[in-house]
Amino acid sequence: MSPLASIFIREARLAWAGGGGAAGPAAFFLAAITLAPLAIGPAPDLLAAIAAGIMSFAALLSVLQSADRLFGDDHGDGTAELYLLSGVTPVWLVLAKVMGQAAATLWPMPAIGLVGALMYGVPIGPALVGALALLAAIPALALIAGFAGALAAGIRRSGLLIALIATPMMVPVLIFAAGAGRSAFDGDERALANLMLTLAVSLGTTALAPFGIAAALRSRLG
Amino acid sequence: MLSYFSNPQRFDQLARVLIPLFGGLALILLGVGVWLSFFASPPDYQQGETIRIMYVHVPAAYMAMALYAALAVASFVYFVWRHALADAAAEVIAPLGAVFTILALFTGSLWGKPMWGTWWEWDARMTSVLVLLLVYLGYMALRAALEDAQQAARTGAILAMAGIINLVIVKFSVDWWSSLHQPASVIRFDGPTIHASQLWPLAVMAVAYTFLAGWLVLYRLRSQALRRRARTLQRQREQVARQLEEAVS
Amino acid sequence: MSNETLIFPDMPALSPETLRVSGLELARGELTLVRDFDLEVAPGQAVLMSGPNGTGKTTLLRAIAGFIRPEAGKVRFGEQSVATAAPDMLAWLGHADGLKPGETPRQALRFWAEMAGQPSRPVLPLMRAMAIESLIDRPVARLSRGQQRRTAMVRVALANRPIWLLDEPAGPLDGGGRARLAELVAWHRSRGGSVIAATHQLLDWPDAIRIDLGAHR
């Protein structure tokens, strides 16, 4: 098995088993979806209109939840040095790592987003578009969270710092992913465009973020 | 990383000339700019006297963005060539940029109130400037959180460079986001609504702000250089003291 | 320590190189830790770096490994620089063990063997040599610090690299652990490998070059 595949599987297994695995982001997502109507009021028309926005927003926050552990753990227990010395190209290494963790912990998000949208009174069609947009957004969200986590690796109580760093970078994917669901609900023909843009941002992030993450990892080791 | 501030003579010489020059120019141009903005230019036919806030707001917004560009360039220079002055410049520019951003947001809100009736409007430019503020704050927070100066410099540089790429995409996405609900564009910077009598105060204020920023950056760079030199001497003194102690014991 | 002879597994031959450090200058912030440091470690040699905390032992090791870029000087393995050759030449043991609390030694060691391009067959013999073979399936979180350190040493040996960089290897080890560590190092040296260890403990390795960093400023 190639080293990259080993890394992917190991990171996925560690993320699955340790620290709650997929339960962490999922639980946060559910909590946020539950709290929002309590804060906003139960007016059905309002909830249906803002559902796409709330789902994307809550998903974004859920991804940030576990960001500090993504590279913070490796920084603290010496794994970062071993990874760097392993001979695997750092850019591919970090991509495999982040994707492994994302695969293990973020897979429920689109499903929860779908259920949430339905609970907010969104018809099945737009709700599916919203869920699809969330799926398309996951690579961008995971990699940006990874970048912020790598920069802040090992800093104590870095949650707030990571959120501050990551949020400006998540603005585009949030706009497009939420826009897709909203457009589908409003019926204003931009849904496909927004979906494509979400995918484009995710692909672009997949191409660029690993360089930033690898550089950040290196700079924090010295 | 060490070398530059242990012998900052070249920078000192340059600073000695530029700092009073920039300071003087800033003062003069600000004076002229304020006079032009608040006294010598006519009120806008649509907005009346409230147009005058634009002369403070628009250059501030421009400075906020220009300073981030400068931050990104300094970060790039440091990342590639490891020049300590570039890192010090980045460190010094960030809070200044943040202040200009806050100024732009505050004056933008003041300008908007008479026109929109609300203290804030989620239009493309104001929202982009708000995101820019978050970017500045994130950069400053990251540098502050890292104790090792070298790590702070290098990691900060990576974030700053990523930030400038991100800001380009943010600008596009925020424009896209607001384009669905484009209000009647009262605040148009370019185009036929800008009159020559408005262009002059705007330009003078923009140049004045630039020299003001330049003066502040150079001034703070010089203080940074002195502070780092003092710290180096302090640490060297402690090191020698420790060596003496060990030699004796 | 019992008088059993430790049996070490057969492993593919090393291709040892001489490590050459020349003119190394390291600084932390604006404080020079190490100036004009030279070191040559031939195959089969061991270097013990001692010195009080903060003198730069760890920094020096990290610079040799290539994690830190020095202010001046070079680190070479034979003819190659550290940047190109480190993954093939070095096995690293830092302050932390590089083990995840949720994994077992078997999982960890198999993974790192795979990453090093080495077979997993020597895992059990090496663990036996470090007297921890019964713990192979116990999660790392339930191992003592000393047992974790021994597992980490197995990982180092498993990588089958010529040069070992060890930062405080004996820290949490008891007398028995230190003896086993010494045997492991001796076996490595007998195969042509070399070891550089930073330690503030007294380690009794035969014919080791001792460097006191307190005197190298």
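As written, the chains take the letters A, B and C, and residue 1 is the first residue of each chain.
Just so we're on the same page, a residue touches a chain if its C-beta (ideal position, glycine included) is under 8 Å from a C-beta of that chain, and two chains touch if they have at least 3 such contacts.
All values reported here derive from a predicted model rather than from experimental measurement.
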Original post:
Touch graph across the chains, line, ring, star, complete or other?
Top reply: complete
Subject >> Centroid comparison with chain B (C-alpha atoms), farthest chain >> reply: C
**OP:** Write down the chain pair with more C-beta contact pairs when A-C is set against B-C.
**Re:** A-C
**OP:** Quick one: report the Å distance separating chain A from chain B, using the average Cα coordinate of each chain.
**Re:** 31
Subject >> chain A-chain C separation of Cα centroids, rounded to whole Å >> reply: 37
Subject >> Centre distance in Å when chain B and chain C are each reduced to the mean of their C-alpha atoms >> reply: 47
Original post:
Which chain A residues touch at least two other chains?
Top reply: 222
**OP:** Could you tell me which residues belong to chain B and also touch two or more other chains?
**Re:** 150
Subject >> chain C: positions in contact with at least two other chains >> reply: none
Subject >> For the chain B and chain C complex, residues of the former touching the latter >> reply: 1-2, 5-6, 148-150, 228, 231-232, 235-236, 239, 243, 246
**OP:** State the interface residues of chain C toward chain B in the complex, per the touch definition above.
**Re:** 27-32, 71, 214, 217
Original post:
How about chain A: which of its residues touch chain C in the complex?
Top reply: 1, 3, 6-7, 10, 14, 17-18, 73, 76-79, 81-82, 84-88, 221-222
Subject >> Footprint of chain A on chain B - complex, ascending >> reply: 131-132, 134-135, 137-138, 141-142, 145-146, 150-151, 154-155, 158-159, 162-163, 165-167, 169-170, 172-174, 176-177, 180
Original post:
Across the complex, what residues on chain C touch chain A?
Top reply: 62, 65-69, 86-88, 90, 92, 94-103, 111-112, 114-116
